[in-house]
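Across the two complexes that follow, subunit A remains constant while its partner is subunit B and subsequently subunit C.
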Partner chain A sequence: MAGPGVVIGAGRLSFRLRSALDFVADGVHHLYGHHPLLSRGFADFSVEVNPPRSLRRWFARQACFRHDGASTFLPLPRDQALPLLEWGLNWCVYAHVQDRLVLHAAVVERDDRALIIPAPPGSGKSTLVAGLSCAGWRLLSDELALLTLTGQEVEGLCRPVSLKNASIGILRGIAGAEPFSPTVTDTLKGDVALMRPPRASVEQAGRPARPFAIVFPSFRAGSSPSVTSLGPAMAFGGLLESAFNVSALREEGFSVLGDLVECCRCFRIEYGSLADGMALVQEIHGTGEA
Partner chain B sequence: MRVREGIPLLLEVLKYPERAGGLELTRWDALVRQARVNRMLGTLAHSVRDTGGWSRIPPAPRRHLEWALRLSRTHCAELEWELSCIAEALRPLDTPVVLLKGAAYHVAGLKASAGRLFGDVDLLVERRALGAVEGALMRHGWMNAHHDPYDQRYYRQWMHELPPMQHIQRGTIVDVHHAILPPTARLKTDSRPLFDASVAVEGRPFRVLAREDMVLHGATHLFFSEGEMPHGCRDLVDLYHLVGTAADGEFWRRLQARAAELGLEEPLMLAAYFLDRVMGASLPREVQAWAADAFPGGMRGAVLRGALDSALAVRESHHRTLSGALKEGYLIVRGHRQKMPLPLLVRHLGRKAWIGVFPEKPRGGVDR
Partner chain C sequence: MQWRLHPDGVLLRSWQDGAAAFHGGAGDIYVLSPLCGAILERMQSSRAWCLESLADRLLAECDAPPPGEDWCDLVRRALESMERLRLIERQE
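Up next is the complex of A and B:
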């Protein structure tokens, strides 16, 4: 990944990644192992994760994320370079893509019925979709749902899943250690590890899915599982908070959200363990059986 | 006096948008990046779309142009709303309100406005109306963004504008000018003739500068203020669109005559010099010769040329080299020197340095 970098295809977008840091190159090759390498000369976003151009290159070493040569975020301690890269790539998508409504939400799909799971950090959506992806669901995204402006479809880029704290151990227990990056400790979000998405999901990343339900998850340790049905207005309000570019898309963005809550079933779920959460999602998905 | 034989890809395609259809993907990779880094992706998208080669652009880069078109549509709608709010605030005053720069290009429907994004709305009003305009804007929600008494004095006593006024709800900024140069600047120009030649905008309570004055203001703003260089290339492209792409000898004669009237020959000379040098614009032969002749010679000319070459160049990346940073530093000092006589400048920079080292405690702040 030194020199001109590598171009990785993820869904309908492509990223040129560069880094002079060996462990970043190794991490990218591992985490994006199922993604196609492109050689067509065009990348949607050219980014790098490299040491800063300051003394922090050598002392209390840091890493910097840059897009087109500009640092978008403050530098972080060097060992957080891989999570930093993922946060940076998320930023590339939500700050630039304007022909999709970009939601801060995870998306999984099974039997042509997609579930959109919008939620603030800490609500357990990444853990939930990582678990589902290990149970045969197709993973579209753990962070960013892209809604088409016509046709009511949802897309994801199927990039690595970012897991935090206790979730890391739980998912390692399910998927084994192999798909994981090394765990980075003491980040702003606690411990972070990235999990490579399943090959089958990556291979289908370019295929949109049809939204079936919107599920607002709330993980609370020890609570018993429950499902509450939400009206379209409630769901609309929740989605509006998760939408990055609804103001840029104006009326069109607004009507995409309106159509989405009209055509989907909307729920709030509360659960105290990954198994309970997955069971609730299966149950919601099952209501679509003919 | 061209910098080099070919011009950068971005400028080439802005000049000849019909060439976009034939570019390979690797060239598009460079073109989209250059346009984004230099804040001209929207301008590029509009130019290419208007020439009709849209369908020949490969889908991947075309998507970036579509994103930019959408953002510029949103920007236009927001600007329209902002202008209607300003119009409502100022309508009762019955004083001429001239829009400057981006907002003026927009209401006048000029090519320079297509796809251009900008932050602030700039107004020019008569000096005697300043108080009334400020009061009316305040009554409609715009507040002074600078509370420091020194900043207030800096603007009100020495500058050609009020401190920037920010809307308390929308966060949008209006800059109210009474002249296009500070009263303290080396170059002097009177605002009266600008108002007299200004043109009413149909269907709106605003005026815009006459076309010649727009060019002269654009050039003055680009070459005689200290903060414009981060988007120097974009501003030069604005000038390119304003002067028109044909070597219109008649327009340039009017432009030169007007510059002489207003005392703005120096900015016009610099504009002509760098339009030719950086963009390879087709200027009338005698204008080229005039600019080449009038450009400062010797060491001073060489330093100025080197610094402006760097500032007006198409950037490939946001990354600054040390030499680029030094040249930019030189232009910031030069810009300040143009704005204020040396004793005042020393006082101003001394104050800024002092505040930088010993920030004043915010009044009413919590003790820690």
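Up next is the complex of A and C:
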């Protein structure tokens, strides 16, 4: 990944990734092992994770994320370079994509029914979709959902799933250790490990899905599983909090959100274990036509 | 005095459990109560309303008005809250 780097295709977007750090290159090759390497010169986003260019590199082992050569975030400890790359790629998408409505939401699909799972960090959405992807669901995204402005379709980039703290061990127990990056400890989000998405999901990353349901998850350790149906206005309010660029899209963004809650069933689920959460999602998926 | 939609324009989605409104000038989006949604719906189909006739119309169409509330006062407070959001305005 030194020099011109590699260009990776992820859904409808492409990313040029560069790093002089060997462990970052190894991590990218492992986590993006199922993604197509593109030979064309153009990439939608050109990013790098490298040691700082300033004097800082002589007294602190740090890594910087740069987009188009410009530093975007404060440097982080060098062992956090791989999560930093993923967080930076997320920023590229939600800060720059303007021809889609970008939601902070995970998306999974089965039988042509996509479930959009918007939630703030810590609500368990990444754990839930990682578990579902191990159970045969197609993973579109664990972090960012892209809604088309006209076709009522949802797209994902099918990038690695970012898991935190206890979720790492739970998913390792299901998927085995092989798909995982090394765990990075003491980040701002706690311990973080990235999980490679399934090959079948990556191969279909360019295929949009039809939204069927919107599910707001809430994980509370030890709680009993429950499902609550939400009206369109309540769901609209929840989605509004998750929509990065709805203001920039103005009327179009408003209409996309309105259409989405009108064409989907909307639920809030609460669960105390991954197995319960997956069972609730399966139950929602099985409820028939939207 | 009458009330009408703000001249910048308001896009509205109205549902049983509430409504969403887009302010055409500022670009702000608000999630509103079912009553506010019903008021904006009426204002979209008619130029301006006085409080009393609007309250009467809404009451006639309402399946179950909230018990123990002064209906006209409820509508007035809804109008004033939407005025603060610049979704509607007074017309002297």
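Methods note: the second predicted complex is superposed on the first by the 285 of 290 C-alpha atoms of A that agree within 3 Å, B and C clash if a C-alpha of one lies under 4 Å from a C-alpha of the other, contacts with A are read in each partner's own complex, and residues count from 1 in each chain.
By our rule, a contact is a pair of C-beta atoms (placed from the backbone, for glycine too) under 8 Å apart; a residue touches a chain by one contact, two chains touch by 3 or more.
Owing to the predicted nature of the structure, the values given are computational and were not obtained by experimental measurement.
**Student:** Tell me the contact category for A:Gly258 with respect to subunit B and subunit C: first, second, both or neither.
**Tutor:** second
**Student:** So, does A:Gly41 touch the first partner subunit B, the second partner subunit C, both, or neither?
**Tutor:** first
**Student:** Could you tell me if A:Met234 is touching subunit B, subunit C, both of them or neither one (first, second, both, neither)?
**Tutor:** Second partner only, subunit C.
**Student:** For A:Ser247, is the partner it touches subunit B (first), subunit C (second), both, or none of the two (neither)?
**Tutor:** A:Ser247 sits against subunit B and subunit C alike.
**Student:** Regarding the shared-chain residue A:Ala63, is it in contact with subunit B (first), subunit C (second), both, or neither?
**Tutor:** After superposing on A, A:Ala63 lies clear of both subunit B and subunit C.
**Student:** Applying the document's definition of touch, where does A:Val97 land relative to subunit B and subunit C: first, second, both, or neither?
**Tutor:** After superposing on A, A:Val97 lies in contact with subunit B but is clear of subunit C.
**Student:** Find the residues of subunit A that appear in the contact set with subunit B and again in the contact set with subunit C.
**Tutor:** 247, 250
**Student:** Okay, in this complex, where on subunit A does subunit B touch?
**Tutor:** Those in contact with subunit B are residues 14, 40-44, 46, 66, 68-70, 96-99, 247-250.
**Student:** Show which residues of subunit A lie in contact with subunit C when the two form their complex.
**Tutor:** Spelled out, the residues of subunit A in touch with subunit C are 231-234, 236-237, 240, 246-247, 250-251, 254-255, 257-258, 261-262.
**Student:** Considering only the defined contacts, which subunit C positions touch subunit A in the complex?
**Tutor:** So the residues of subunit C touching subunit A come out as 11, 13, 15-20, 22, 24, 27-29, 31-32, 34, 37.
**Student:** Along subunit B, where are the residues that touch subunit A in the complex?
**Tutor:** 24-26, 28-29, 33, 36-37, 58, 60-61, 63-64, 66-67, 70-71, 74, 77, 316-319
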